[in-house]
Amino acid sequence: MKKEYAKFKTTHKVRPDDIDMFNHVHNSIYLDYVLAARYEQMELFYGMSMEKFMEMGYGWVVQSVQINYKRPLGLGDKFIVETGIESINKKGCRVIFEIKNLKNNKLNTDGWFDFIMIDLKTGRGVAVSEEMINLYSI
Amino acid sequence: MKKEYAKFKTTHKVRPDDIDMFNHVHNSIYLDYVLAARYEQMELFYGMSMEKFMEMGYGWVVQSVQINYKRPLGLGDKFIVETGIESINKKGCRVIFEIKNLKNNKLNTDGWFDFIMIDLKTGRGVAVSEEMINLYSI
Amino acid sequence: MKKEYAKFKTTHKVRPDDIDMFNHVHNSIYLDYVLAARYEQMELFYGMSMEKFMEMGYGWVVQSVQINYKRPLGLGDKFIVETGIESINKKGCRVIFEIKNLKNNKLNTDGWFDFIMIDLKTGRGVAVSEEMINLYSI
Amino acid sequence: MKKEYAKFKTTHKVRPDDIDMFNHVHNSIYLDYVLAARYEQMELFYGMSMEKFMEMGYGWVVQSVQINYKRPLGLGDKFIVETGIESINKKGCRVIFEIKNLKNNKLNTDGWFDFIMIDLKTGRGVAVSEEMINLYSI
């Protein structure tokens, strides 16, 4: 049976510098929104901030991303970033996300990030330890 | 006697993509922090959002900026952006700002922005009307 | 038989503000590298710049992206962005890309972008005309 | 008599992600253009790349910036960034700059950056050595 992992929500607001020539949030910025939400959720919900994680000598880096653009966000919009782990094992984890506009709860973008763990000194990938897998298995 | 204008505070948080190779907020990003705070304050405190302002056919554009870097912000930091008008007349306005780290109330950056009003259709500067000057003279 | 479309190469250089806390090009920036290369290639190789395209009242907007990170780019690196159309029809087109480091010709990232055409006035998707399909079918 | 220092020119091109809601290069991006030009000029003209400088354990960080916006750059524009040292001593240096649009040689922005040297380990300012002052005194 497939394990179900918890999902978490973070609310952010579009920054004026996120807007591009089409008067919408620039497409690459959505990746930054997911990253920002995920960092906050690591600290608040998993009890392990990225800062602490980096002090331990590790980093999570993105191996692959898919993102689907449904409806654009615009200037002044507030939005919810919901993320959750879809799967995690010693090779890494897949985090799925949805971004919804707070004013109408409609979907802006969804997709997934595949992360691997790296050793910050060598810059190379390392196996995700059992301890880490447990930490994220909520 | 010199008129004193109101000052307003907005709290924001560093986004991971704001961090640069020195592990601090990248120096150009502070301009975006001031801009974001100013947009919010236009809506909340002056009752005229940038969106409404643009619907009327106008934009505020930056003519000149000075920014002084005192202490860097880092990953996860929350900060207060305080801005206020120093002077306003038909030629434009000067907005002064201070950014302080919420965790210790120490000054990160300060400086000023000179703004002029433009007509969005022509892209050219226009005189700030009495109505606009009054709107901002709180 | 599947049609083969031409591929084009553009050389760019990492900008210092592209570097993030891991001392590498930030992951969302690669999308901007592909976009920049594609804009240049529209002008140089298809004879239809994005500026002209927008003057005609149209825009290409991204519907979906997949990007795979193989090796990071760092400060001062020059790189080649190779893009090409994989398929195009009235619903839109898929552009595939590879970014390679100029100093060793090794792959940094690859992936694809699905684009749709929009009418800039309405912001809505429109069918890609035969004329446009022919323009890109080189 | 005031010493005159050499000036250097670098040509860059606007990236599509640099464009903001006013269809011009976003105001904070000009700081990144100057930074990028300066990094290139350090390597090409002073024979000391930022990468080498950082390997020696030092960084140049910005203490203060003034930037004056004259004419905006737009999508597809190529521009020249000319920079030069105005003054340098053990406390730091002031770099002045001009950005001009290559298509008409008209001034887009000008201004100055005050830099101080930091020790990357401590993050604190250090005196600029005679050796460094000589290196930049061309």
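Which chain is which? They are A, B, C and D, in the order written, and residues in each are numbered from 1.
The rule is short, and it goes like this: a residue touches a chain if its C-beta (ideal position, glycine included) is under 8 Å from a C-beta of that chain, and two chains touch if they have at least 3 such contacts.
Keep in mind that this is a model prediction, so the values were computed, not measured.
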{"item": "Most widely separated chain from chain D, with each centre as the mean of CA atoms", "value": "A"}
{"item": "Chain pair repeating B-D, as identified from A-D, B-C or A-C when over half of the contact pairs by residue number coincide", "value": "A-C"}
{"item": "Separation of chain B from chain C, taking each centre as the mean of its C-alpha atoms, in whole Å", "value": "34"}
{"item": "Centroid distance [mean C-alpha coordinates] between chain C and chain A, Å", "value": "24"}
{"item": "Computed distance of Cα centres, chain B from chain A, in Å", "value": "29"}
{"item": "Sites on chain C at which at least two other chains make contact", "value": "16-17, 28, 32, 35, 75"}
{"item": "Of all residues in chain C, those that touch chain A in their complex", "value": "22, 27-29, 31-32, 35, 59, 61-69, 72, 120, 123"}
{"item": "Residues of chain B that touch chain C when the two form their complex", "value": "16-17, 19-21, 23, 26, 28, 75"}
{"item": "Residue ranges of chain B touching chain A (in the complex, touch as defined)", "value": "15-17, 32, 35-36, 39, 43, 49-51, 75-76"}
